[in-house]
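Next come two complexes built around chain A: one with chain B, the other with chain C.
The block that comes next holds the complex of A and B.
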């Protein structure tokens, strides 16, 4: 697991590779960026997974979603590999067009 | 949803190896439908936090503050910009006018590809009705479409189709729910909006008002006597020529939809298919939103503001305490305090905050507009639209028109990807008010059937730049048209005393045919310019063929809905 989620703001070692997975019935990731760097090419074909290295410093991860046609619960988790995940942010039933959070890497 | 939650919790336990005590315990919950914004927009996240907090307690009965799932629930609302588009939509009404004014010259995008794609998303909607009906003296629409603008549209059109007298008509049209939201300062960029007055019904109600402008008129006035000796003293009254603006028609329409279940496998498949078909448009709109979100979020001084970080931690502890005490009122108030503090911190720490926010709001309005179109396409076109129009033609009796409108895409399932759109109208028009005793005409004014085919055409490589339309219209009148006789339409010098309800019959009964060819240029940012020519075998008051031209311009404010603080709801 690359992310330390002990505190409110996720932290990581600089240059650690993070794999994020969107758990949602219908919503998919359309665009992804870390700071101003577009990482949309690293979104997998299902539109649910994106991987990227985390640069040192305070980083802003931004995901643009295709909102679902009706409200649904949604969770963004870190895919730790081996079928293991840890939840980063969880939304109740709703329609969301984006997710953003900061990662502090040192 | 319970199964999803269980999976979430299990995943968290596996990954962290945490020894959380999971207890089944009824959790206090907010009744979100009764909440208002901004709390409404975060309410389901808070309820999820309360659910998981109740299910994950330590041995002393307190919420397990180290539980990964509960903490991830908390992040959704402690960070009020966890969904930055939600946060922007909530803030947009507050800063709407200033922000839009700041950003209009260069938002939402500057790249040619993006402009082309976005103009296609927002302007190329052949199913959108912004013109007045064919029976006013200034219109370009021979056949009406089933769709309507999400908030408000304005059209200015010139040239008659079935009328003998040409005129200029200004038309305001909009969705009842969108208008109420905009006018009452509620957010309208939301994807799942809190109910406003009768929202579920008003979403499918569209209203419009048409005004005839610069219409020639005349009024009678008493003279104060001759001004020179050569003027006969018998001239006691004269007719003063004037130009007036006048309400020409009021229209209300209701869209009937096929019933659908958004959670059914069939609808989900339709949604997936629609998204796949429109992948390029979605990508372009998402890219535009992404760029504006980056400007809004990245390198913001707020990201390293230690005071705000400490404040967030304080409120996180307060939310745990509120959950322990099951004190929903305090939790709501704590959230509102946090929300306001977070909004203020962002406003105060970034001098360009409003400009950045307006960029997000404008691109979000475009993105939501596309999403609504995808939703319509997945749902299928409206089954039927029923329309009622109260018409007040110049110098003619008022009429009540009842119209049924049907839209159909021959080789597609909707307006976005279909190669064309067929609209079919059937209408009946009856005279309003009292029919004078002994009148030589009946209550029925006419019956109409009309059809139009619209096809997007490509100009300079942009497939959404224009729409070509062909339309045909048939109207049957059992009696000739009725003209009210007033001082305005008496020949000059005529000195006849008229009763108050003097009327004459003009034109002929029977069939009135009109055909029209039209090109609508879809310009950037919601502007449309329809240019049309028509041929008719006669007009309402005069016999004989008539060839005429119509031209107009319309603007759909829905694509700039941040000006109002936001767009209609699904």
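The block that comes next holds the complex of A and C.
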């Protein structure tokens, strides 16, 4: 569990490795960036999981999604390992093309 | 739908600011004793020398009440209060035009017009409160640098924060106004401490409202400070602060209703339009 989600902004220890998982029927993560540095290579083959280390400071994470033509509910969670997850953000039915948020690491 | 969530979070933050303004207002109203002063002014204007303020205060004190209790008096209560004022008969002479009017009739006449005086008090007090709300809204928005445009931009770029604010802002409170009113006349320190703690806690929960940055000398200053980030876009900063101040001055009850309305729309969009009729 690298992320602390108790406040409004997720926090983590500097350089902690964070694994994010997109739970959606068909949508996938197409591209990912942290502080405008492309980390798309860290997206796994299924297009549902992305892992990256968070540098110290305020980091803006942007995930560009490939949504299906019809809207669907989706959830972004942290994959804590051992089958455990913690929810970060969720969306109801609708078309969502990107997700962006900050992670503060110290 | 993301736009609605951003708007929802923005309305949530405006509501939180209103709660802060309300808490500050309670402390200042307690310290200045505005309700009692407005009531004293109303009573003085009401009957002038025919019903001296000190006599009314004395009659209320005998009953363990202060001047603000008159707000809840109806004409019958006021009529009973007149019975408790000593040597009132000579002062009320001439209130009723008829020479044959008895002292009891004169008291009835005064009590009958009390409702109008109370309405006048309520109008004057509401007007004073609105002015206070307007002044404090701008003061707090400027002090925090809660620039509407900058906050909207931040929320639009951070969906996690926007969702977090949307989920919890509706619960923001610093005690109901009714509670604060009942406490204020008795314990200024208590009102001050509870408001201060509430404001501190609220700002800690919503750090986005405090747009301050640290200068080289480690001094924290708002972003409108000389050389601050607001100077990059001065027009947007001025408009953002002015609009935010105006919106906050509309008050917590208004924004609470708006927040609930937008939450309802957001929920029905999330569930794909809600229930279908059979």
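The working rule: the second predicted complex is superposed on the first by the 106 of 106 C-alpha atoms of A that agree within 3 Å, B and C clash if a C-alpha of one lies under 4 Å from a C-alpha of the other, contacts with A are read in each partner's own complex, and residues count from 1 in each chain.
Here is the rule we use: contacts are C-beta pairs under 8 Å (C-beta built on N, C-alpha and C of every residue); 3 or more make two chains touch, one makes a residue touch a chain.
Given the structure is predicted, the values throughout are model-derived calculations rather than measurements.
Peer 1: First (chain B), second (chain C), both or neither: which does A:102 touch?
Peer 2: both
Peer 1: With the two structures laid over each other on chain A, which partner does A:94 touch: chain B (first), chain C (second), both, or neither?
Peer 2: Once the two structures are laid over each other on A, A:94 reaches both partners.
Peer 1: What is the contact status of A:69 with respect to chain B (first) and chain C (second): first, second, both, or neither?
Peer 2: Touch status of A:69: first partner only.
Peer 1: Between chain B (first) and chain C (second), which, if any, makes contact with A:26: first, second, both or neither?
Peer 2: first
Peer 1: Compare chain B and chain C by how many residues of chain A each one touches, and report the one with more.
Peer 2: Of the two chains, more chain A residues are contacted by B.
Peer 1: Could you say whether A:8 touches chain B, chain C, both of them, or neither, answering first, second, both or neither?
Peer 2: A:8 contacts both chain B and chain C.
Peer 1: Can A:51 be said to touch chain B (first), chain C (second), both, or neither?
Peer 2: The answer is neither, since A:51 touches no partner chain.
Peer 1: Please work out whether A:84 is in contact with chain B alone, chain C alone, both, or neither, and reply first, second, both or neither.
Peer 2: First partner only, chain B.
Peer 1: Show which residues of chain A both chain B and chain C reach, each in its own complex.
Peer 2: Shared contact residues on chain A (touching chain B in one complex, chain C in the other): 8-9, 60, 73, 88-94, 96, 99-102.
Peer 1: Quick one: which bits of chain C touch chain A in the complex? Just the residue numbers, please.
Peer 2: 1-2, 157-161, 163-165, 205-208, 269-272
Peer 1: In the complex, go through chain A and note every residue touching chain B.
Peer 2: Interface residues on the chain A side: 1, 5-6, 8-9, 23, 25-26, 28, 30-31, 33, 35-36, 38, 40, 58, 60, 62, 64, 66-71, 73, 75, 77-78, 80, 83-102.
Peer 1: Which positions of chain A touch chain C when the two form their complex?
Peer 2: 7-10, 60, 73, 88-94, 96, 99-102
Peer 1: Mind listing the chain B positions that touch chain A in their complex?
Peer 2: 1, 4-5, 7-8, 11-12, 14-16, 41, 43-48, 66, 68-69, 71-76, 78-79, 81-86, 191-192, 262-263, 267-268, 271, 275, 282-283, 286-287, 289-290, 293-294, 297-300, 303-304, 309, 312-313, 316, 364, 367-368, 371, 374-375, 378, 570
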